[in-house]
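As written, the chain order gives the labels A, B, C and D, with residue 1 at the start of each chain.
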Amino acid sequence: MPQIKAGIINVTGYIGSELARLLYQHPQVELKSVTGRSAAGQELGDVFPYLGKTRLAIKDQLDSDIDVVFSAMPHKSSVDVVPSLLRKGIKVIDASADFRLKNAGEYPRWYGFNHPSPELLKEAVYGLPELHRDDIASATLIANPGCYSTSAVLALAPVVKEELIYPDMIIDSKSGVSGAGRTPGLTTHYSEANENTCAYSIEGHRHLPEIEQELRELNPEFSLSITFVPHLVPMTRGILSTCYARLRAGKLAEGVKAKGELQQLYREFYRDAPFIQITGKPPQTKHAWGNNFCFIYPTVDLRTGRLIVISCLDNLVKGGAGQAVQNMNLMFNLPETTGLETLAIYP
Amino acid sequence: MPQIKAGIINVTGYIGSELARLLYQHPQVELKSVTGRSAAGQELGDVFPYLGKTRLAIKDQLDSDIDVVFSAMPHKSSVDVVPSLLRKGIKVIDASADFRLKNAGEYPRWYGFNHPSPELLKEAVYGLPELHRDDIASATLIANPGCYSTSAVLALAPVVKEELIYPDMIIDSKSGVSGAGRTPGLTTHYSEANENTCAYSIEGHRHLPEIEQELRELNPEFSLSITFVPHLVPMTRGILSTCYARLRAGKLAEGVKAKGELQQLYREFYRDAPFIQITGKPPQTKHAWGNNFCFIYPTVDLRTGRLIVISCLDNLVKGGAGQAVQNMNLMFNLPETTGLETLAIYP
Amino acid sequence: MPQIKAGIINVTGYIGSELARLLYQHPQVELKSVTGRSAAGQELGDVFPYLGKTRLAIKDQLDSDIDVVFSAMPHKSSVDVVPSLLRKGIKVIDASADFRLKNAGEYPRWYGFNHPSPELLKEAVYGLPELHRDDIASATLIANPGCYSTSAVLALAPVVKEELIYPDMIIDSKSGVSGAGRTPGLTTHYSEANENTCAYSIEGHRHLPEIEQELRELNPEFSLSITFVPHLVPMTRGILSTCYARLRAGKLAEGVKAKGELQQLYREFYRDAPFIQITGKPPQTKHAWGNNFCFIYPTVDLRTGRLIVISCLDNLVKGGAGQAVQNMNLMFNLPETTGLETLAIYP
Amino acid sequence: MPQIKAGIINVTGYIGSELARLLYQHPQVELKSVTGRSAAGQELGDVFPYLGKTRLAIKDQLDSDIDVVFSAMPHKSSVDVVPSLLRKGIKVIDASADFRLKNAGEYPRWYGFNHPSPELLKEAVYGLPELHRDDIASATLIANPGCYSTSAVLALAPVVKEELIYPDMIIDSKSGVSGAGRTPGLTTHYSEANENTCAYSIEGHRHLPEIEQELRELNPEFSLSITFVPHLVPMTRGILSTCYARLRAGKLAEGVKAKGELQQLYREFYRDAPFIQITGKPPQTKHAWGNNFCFIYPTVDLRTGRLIVISCLDNLVKGGAGQAVQNMNLMFNLPETTGLETLAIYP
């Protein structure tokens, strides 16, 4: 069976290096070429000793003979390189936000730039396989979702779609520090981040518009009102999102039975999703450490009739590189789980 | 000036040892006597080397010559020893929940026992100085608040009192592991708690009834509906509570001005509270590490018109031993901050 | 190709659960049966959600149709079950220390019991493939090495064998907390182990006699004098051992050239060892996180003419379950790396 | 009693902010003025919220009316500002290495610059009160020791002075990450430093020459041969140094008695040192968290006749700012412990 020839742009960040790990181990992929501006000329194994076995050099430019490119460039940079790749007939999976928002008008507000290729926003498919499996299979450009967005949208999609709740939702997310990337700064300095928890971007985090876009698409009539507050907690990997909304009366049975019905609804909604696991008790980020699972625990606060849904995942895998590989599998007609079956590492 | 003679029951837990630290350093206190069942007979410095300077032995029973006793016994045990101390004329500050709930009928439900001294529930004062300063000053029995409760009630008291919000509230709290105490268990085993975040007690955490009791007392007409979800995050000390509620229309100015008015309202509400600091940006648990401060950041999510209040504190100090000492200061007519002025330790 | 049918005794500890992860993913193994006393009757996925995909129940007894058993029982218990397994013709890989020491007389001193099956100590092979590859291939009973021992012996074997050093050696090891197992205790309680480093077992750690045995076997004339001090550092996985010895004069070139010769000697010594990587700069435990590699950095302190060798590995993989699987591969004539090729997970 | 007027140069690093904490709380000090280049113009409480109570602004220049200046500038910068302060009659306590080495010729080799004021190296006193109490009392310029150096010299001084050991010594130190300062970089990036242990500066760490200088001064005839290997472990504060040397025959009793004699010798050596605590079992860095203690555990490895001494301290307090304040106390004829009596914070 022919191997997919893959390349990674900007392999030196955490999404880039995680892509290298997953693609190198993928049985149907040949990782041909990786780039990284500041590290160009070095061996990948010099920058990341654990990737020494790849025997790849970091280059300035990708090789030409490539079937699919994963761009791990920062926002606003990716948009500059993607169009020419597409013109060459290369499929692109973009880990940045540059093609996530359908409405070009959102870019100035959330990302501070005018989108130079608004026509590609229509072509791009938002790469959340659990919602867009078919579109992904035929896409040439995938906008790989944000880590927070993945956890939040997966947690809320079933109840938004089925309109079990009122449209006021609160998403309180807790993320490990690797989500902030590999570029050093005071917030992610060990002595500052260790033994510390804080909220940030309360005025509006950039993942909010994609959360809204995806939930709205599931139920266009729904006048969403979402408050999203991300928090930084002292761990390297993992996101846990706790979501709250009021249940509509009469949609679920009374009392404890409501919980069972809710669990059933979620299991049904995700029955074809190999990486979603609906749990019967609150999940822990540790259970997804290093793999592509998203655990979802939907329940009812019986005292107040409020819905609580808790989801968790590894921000660099299902919230990043793993989901990108899952998208690639679908684009190349491989089983969705190929190369992603490894168990979490615990403890 | 005569010294207050103090004793600690059950010094071997984290609240007990933190009380020993604070009372030993308190300029107006002589820490006379400490007890601890399993460690009786040992030197305090053998169990906790950092407390060696206290030169105290751990005994079976407190000395008789004591003005105030801090009970750091677990729930359901404290209630057995407190009445006899009170009969001897000793003031008691109880760190357990045994005297926190005014309604004896709540004990079977939340704590699984019938309260043997319901008459003392009327006598006991809930030891949150920011709300009950005067009652505390004349009390003989203080029910020291829970750590989560302190952070949540302080965050929400001003807006409940002033009825700025609708009575639906969500409290999403993140706590360090020391809140679970010093008794080893799988949940607090290092390899399990490290690099892990999870929610727990979603069905109803025991601090919820005291949160409701205190907020209801501020506004008895208010039909509260509170969802409280505590989380465990991988750090030793610190609680951060993120609270959400919908603002009532017309109570605050439109737009950004609302934030300023809110800040003003909080500053006003806590103008006499030396340990409350209203912040202009999201606070970090690290800023309260080792001291008695509670930082509160009230703001408005302008997109949704929702109130967000974030509070943080050290769960063993303002959420435990420090607040107990603050209560003692009031009971003995000392300045509220005596012995509690130390700065946080950072980083 | 027929699958190896494997069973795990005592799957509920960290070595047991790590064995389950590796064996479940091993392409030539069918994990048939797992036992665990306290958890018998439960699903493996109930105890360890990340192992849910194994769809195994925890039983009292292993199934009868097994080719190889991994015993993850504690010391002194394993010795009771191994003989009967061997009599049934089942190969055994024992993760405990019960068959590591050749001299039965060492057991009372180091482990506090008289060995009931001293004849098996001759039959057992010390499962360090880098030293005993051929014996392992034909063995029926493997004594899987201790985690500290693996890091120390691999670091020092080349220079002991070649007698480059004087026989006075110091091994200063730093271990993550998972090495202490899954049973909760005060030392491994999160709030005690976090933000803390300490030495322990200075009087003589139980891994010392196996370190001495293995190094002595490499050079029986060498009158070893080893000081070994293990330390606990606040991380879950990883061991880093820093080893010191004085170089014999005239064995290596003068000055910087000595370093190159030393590197060369180590590369030569381990040229057939797929899991040993000799590094050109100090290695980090993180580079081995979750995989079976041991990184070794040999160098010379030119100021003092002293040898320094630093080795690191994941204590649960190369220091435990991974090495056990490596041994199994050799016993069943599979390529040594089968099922162990995964890259480390980083960061 | 008149207050000492103190200033801090470069308050924005961790040593600077820790000095601010300690000096603000010191009963005999008025912290008058703090500087910091990049943050000049801001309030100290804006940069460090926990220091808000100081109500100090960060300035470009110190006020003129100052008795003592603490310089927390980096190496090579401090030497430029100290001479003019001294000329104005201001006492200086310098936290950098710029005045630690008596031999100006060492600076090019270890610090990469020619010392511009070699005459001040004679005047400067190495600020380790346990060795130089009298000289410190009369000094005008104190070179505050390095954090590693403090732990190592205090651990080894008694046995070097009494010549109980051979001059071959190994110092294996484990440090928390705050020792690397507040400037972000990849090594101290949370996701890199968390769950990681490594050695560094094996070729020769800059604290080595001061360790040698101080030990040599205790016993000039002793031909020292010291190997020092520092390690980074994932915690914020704390250094633990494990020191090894061979005992000279006949200096101590045989067997277990040797340990008692050794303990006695250390207690005697440090009988006037209020911050040294000789322990009967291995100490933990946590026991010194946030205070000025140094715990020292001397013992004998009876199997090999080797001395092991373990010391630990808080790198920012006894290894930095606390020791600087201790020096100030001596210089101003205050009790050595003034302002430094606080207990450690635990857990």
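In this text, a contact is a pair of C-beta atoms (placed from the backbone, for glycine too) under 8 Å apart; a residue touches a chain by one contact, two chains touch by 3 or more.
Here the structure is a predicted model, which is why all the values come from computation and not from measurement.
Undergrad: Let me spell it out: compute each chain's centre from its C-alpha atoms, then which one is farthest from chain C's centre?
TA: Ranked by distance of C-alpha centres from chain C, the top chain is B.
Undergrad: Please pick, from B-D, B-C or C-D, the pair whose interface repeats that of A-D, with more than half of the contact pairs identical by residue number.
TA: Matching more than half of the contact pairs of A-D: B-C.
Undergrad: With contacts defined as at the top, give the pair, A-B or A-C, that has more of them.
TA: A-B
Undergrad: Per the centroid of Cα atoms for each chain, what is the distance between chain A and chain B, given in Å?
TA: 38
Undergrad: If you average the Cα atoms of chain A and of chain C to get two centres, how far apart are those centres in Å?
TA: 37
Undergrad: In chain A, what residues contact two or more other chains?
TA: 14, 176, 178, 182, 191, 194-195, 234-237, 283-284, 286, 289, 347
Undergrad: Note which residues of chain A are touching chain B in the complex, please.
TA: 168, 170, 172, 174, 176, 191-192, 194-200, 202-204, 225-227, 229, 231, 233-238, 240, 242, 244, 246, 282-286, 289, 299, 301-304, 306, 308, 310, 312, 347
Undergrad: With touch defined as at the start, can you tell me which chain A residues reach chain D in the complex?
TA: 14, 176-178, 182, 184-186, 188-191, 193-195, 234-236
Undergrad: Could you pull out which chain B residues touch chain D in their complex?
TA: 14, 17, 21, 24-25, 48-53, 178, 182, 194-195, 236-237, 277, 279, 283-284, 286-291, 295, 341-347
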